[in-house]
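Each structure below appears as structure tokens.
The following pair of complexes shares a single chain, chain A, combined with chain B in the former and chain C in the latter.
The block that comes next holds the complex of A and B.
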């Protein structure tokens, strides 16, 4: 006993205790729910069996019900569109901005950091502001597009089924671009300057330098950022709640919102858990890619 | 001279880009100062003429914002304190050792970091209701949220501890300090800034949290400002000036902290996410 106490005070025991307490907490509040999620997806759960662990076993019924649901295909299609469009948009704008800010000029560091404001704001506030920008008759976006001559009549971004998903995508691109840009800037800054100088001496123009130096040197960073983009996009919930609530007629519903709706609007926790399991598998795959591409950093 | 001109042109372009990017924020503040009829003017007025500061006071009392903001502060403070308390030591150990076990722990932490809250809330809600945690909804949110924020905190703070030389602690041990003493008197003070910045990031994140609070907290008197904002925005709302005033009150403290600590926040964020 004395040895344990002195070990806790003075040896490896102290370090082990620090890790065990933290990981124990994570296991209880993240690990257990994760397992419970899988268990529930194989159970019959309703509002009456909510209080007990011993619920009837349902086999793959929940999975079958999800795949057979008429909105399954549209929701998955929306999810893919949302993910791809968000990542592409955030990446292209973020990369362009990052490249621009590599041109050293006074205040470039400060101005670049200022962009990150979009990323620290509460998602609901971002959603509220874009709601107002998107407003049909009096929204400033429609006004700007009209003035530029791009549209004849007003677009009802939030209530038109052709545009509702894109409204959320635009807001999400705005939200995530700055984070992409900052991480890409870090990657760009780590490319040795003399590579560019050597290429310039050899007569390579800016475009050639970009294709033969910048892009190959950025491969690991870009891989990590795409994987992070996928992870963050699948985490995006607040903008859907604030801007469209998945509507109208599920035209902007995506998997992560649908899962929540099933659990907390229809109280069908089993089916909510089933979609969660499916999507979490997807996130896990993305994060393995992410961990692999940052492995060198992780191992120090 | 030419270099100077190049710089001037670039600064102007950069300011233009920043203005375009930050326009939504500007638009929030301008709208929040307009009257209920001015916001529907066509073309819209881009300057806050005759600012209606009364909107802020009106929204604060009519929407009962004091209670919402207080709950946001409670949830954010509780989450930050618990995260820092549990996460700092863990990050320290993960930074100090390198072996198979540490790799496994690190991998677990990274995997837990990516689980979407909207997908985890279903099992968390059901599990919490079974063990009775829903009777103390704010505590329930703090516990769930800490599990979500701690991996991120550990990754950031671990990067900080890695920059503190282990030799300093070894010297302290040689001088007769205990292991625990060396941690508290050497490692912790040296990593203070990194821990503080990471804690601020966690606070901001928890201050704006929505999914867990919306799902777990039923009573409006215990809900945070994010939930309050969402219930303010009905489908047919027209009070956009008041909604923007609400949003402005909610977000301004975060913006102020961000602008003050911008450099450190950006540096802390990038050191943890990837290098």
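The block that comes next holds the complex of A and C.
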């Protein structure tokens, strides 16, 4: 008895207990809903069978219906554009800002902190603000662009099929940039200064230092940022709800918003779940790529 | 030890509250869910009914418009449904057809207060399923054409002869359209939600179509007309993404010369609009054509799972008995032909009321059909893909009709 208890506190038993707690937590709060979601995608579910578990089995009907839906291809295309453009935009602006703040000018610490304001605001609030900025007839953005002479007539950001998706992307880049900047700032701060000094002594210019020291040393941080960016953009729902509602004519509809529409607008929970499963597959592929890319990492 | 004492304390507390509950056993508690706030009828009526000396206490919960269906169905699925709910009329059949609502046909037959024959046919049809009554209309509304008389005068139009046909509407919109001063000829909503369906169906019905006959030639013509209005910028491109409330806001601020919306706008318009305005019946396809309009607003229903159906029905009877107060106190229209609406003394409001009451006679319910959300979705998709130029009006409506056929058959 005593040995078991001491084994729990010390040695292998303790390790196992820790792993079991973590795994149990993960299983209950992430694993079960995930499995439930997958099961649901193979069933026929409507609002009245939502409460029971014994629902008619549908085989691959839901998957077939989703793939055959005329909006499947445009929605997937929008999703990819949204993810890539958001991540690229957030990363480039975030990285530029992070580099800018390493210059350590007076007040840079406070300013950097202030940037986080955008990150702590709820998505719906951000959406409402951008809604006003993007408004077609009386929007601030149109006014600014017109005064600058960049556009002749108003752009209907939310109602023009050519711009609606980009309106959400712009808002999302604004929302995510500060988070990117903070994480990248931390990464930049952890690079030993003497590396730069040595490089400078060897005559490396700023671009060379960036290319041969900063980027390779930041590899793990960048990988994490992009993986997190993928998750955050796939989660981004509020902005769509607040700015375009996926419209007009599905021109800004993306997978996550479509899943919600099917579930809570048409009450077809099974098809909503099916899209979620497809999204999980997408994230899994991305995480495998991420894990593999960091596996052989050399830590400095 | 401390924990044991804590447990004992909790047990004592539980016994105590159980005792307290039993002394108040004479009171029956029913729950009512509705979207009304303190400026609207349901909350006030529920409170009044609760305060009456009838042994019934009402617990009222306010739910947001968008959450009514999802919230109540989640509650129903887990056995937590309220006794009474106010549900949007096109969604009534969704619940009634699946046995979630109580069949109150027999209770109504014995009631001295509720008489089905006193209701307008449209609202009544929305609470019926397979010839049985599954609720009572709570109020009703419809849409008509508001127009800015000052802008009519300024453009040399007669403010007392608003457009009566579709062609006249477009012509008038062209005349009133004034981009230099940020004035659009017309405002309406073609949004991809129930509002878009609500605004489009009257046009389809006037042209001889309907939700089950979407690719009739008249319906195609109606959608092409909408496209003309948007293509010529007679209405803001944001019509595609803006709801009725926001569209009417642009009318109130003088940035649209006409707007298609309902009587729920009246109070705000009286407060905000700094100009002379009037209301006209929805223009028809051509002179002498059949009129039609949309029928909106909510219905009362009792959930089949209610443990106190008698008491819940008493509450409905009380709500219905107060229908004459709907318009004077809260600006809502009772769904009944036997309720006289007294003049409010406000000339604009009284004139508007007259038009809305006439328009109401042509109002048709959406459905009723248990798959209404999917039918509505098909209509919204057609409207949006035609108006954005992704498809011709004909092709979009053909596709919608095919989807609806799949649902109906």
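Here, the second predicted complex is superposed on the first by the 249 of 300 C-alpha atoms of A that agree within 3 Å, B and C clash if a C-alpha of one lies under 4 Å from a C-alpha of the other, contacts with A are read in each partner's own complex, and residues count from 1 in each chain.
Everything below uses one rule, namely that contacts are C-beta pairs under 8 Å (C-beta built on N, C-alpha and C of every residue); 3 or more make two chains touch, one makes a residue touch a chain.
Everything numeric here is computed off the predicted structure, so don't read it as measured data.
Of the two partner chains, chain B and chain C are each touched by A:135. When the two complexes are overlaid on their common chain A, residue A:226 makes contact with neither chain B nor chain C. The partner of chain A that touches more of its residues, comparing chain B with chain C, is B. When both complexes are overlaid on chain A, the residue A:239 reaches neither chain B nor chain C. Using the contact criterion defined above for the overlaid structures, shared-chain residue A:87 touches neither chain B nor chain C, since it reaches no partner. Looking at the shared chain after the overlay, A:125 reaches chain B, while chain C stays out of its contact range. In the superposition on chain A, the residues of chain A contacting both chain B and chain C are 50-52, 135, 137-138, 264. If you check the complex, the residues on chain A that touch chain C are 47-48, 50-52, 70, 135-138, 156, 158-161, 244-251, 264-268.
Of all residues in chain B, only 6-7, 10-11, 13-15, 17-18, 21-22, 24-25, 27-28, 31, 39-40, 42-44, 86-87, 89-90, 92-94, 96-98, 103, 105-127, 129-130, 143-144, 146-148, 150-151, 154, 162, 178-180, 183, 201, 204, 207-211, 214-215, 225-226, 229-230, 233, 240, 243-244, 246-247, 250-251, 254-255, 258-259, 262-263, 265-266, 269-270, 273-275 touch chain A in the complex they form. Put simply, chain C touches chain A in their complex at residues 69-70, 73-74, 76-79, 94, 98, 100, 182, 191-193, 236-241, 250, 255, 373-374, 377, 381, 384-385, 387-390, 399.
Listing the residues of chain A that touch chain B in their complex gives 9-11, 14-16, 18-19, 21-23, 25-26, 28-34, 36-37, 40, 45, 50-53, 97, 100-101, 103, 105-111, 113-118, 120-126, 128-133, 135, 137-138, 140, 143, 147, 174, 177-178, 182-183, 186-187, 190, 221, 224, 228, 231, 234-235, 237-238, 241-242, 256-257, 259-260, 263-264, 269, 272-273, 275-276, 279-280, 283-284, 286-287, 290-291, 294, 297-300.
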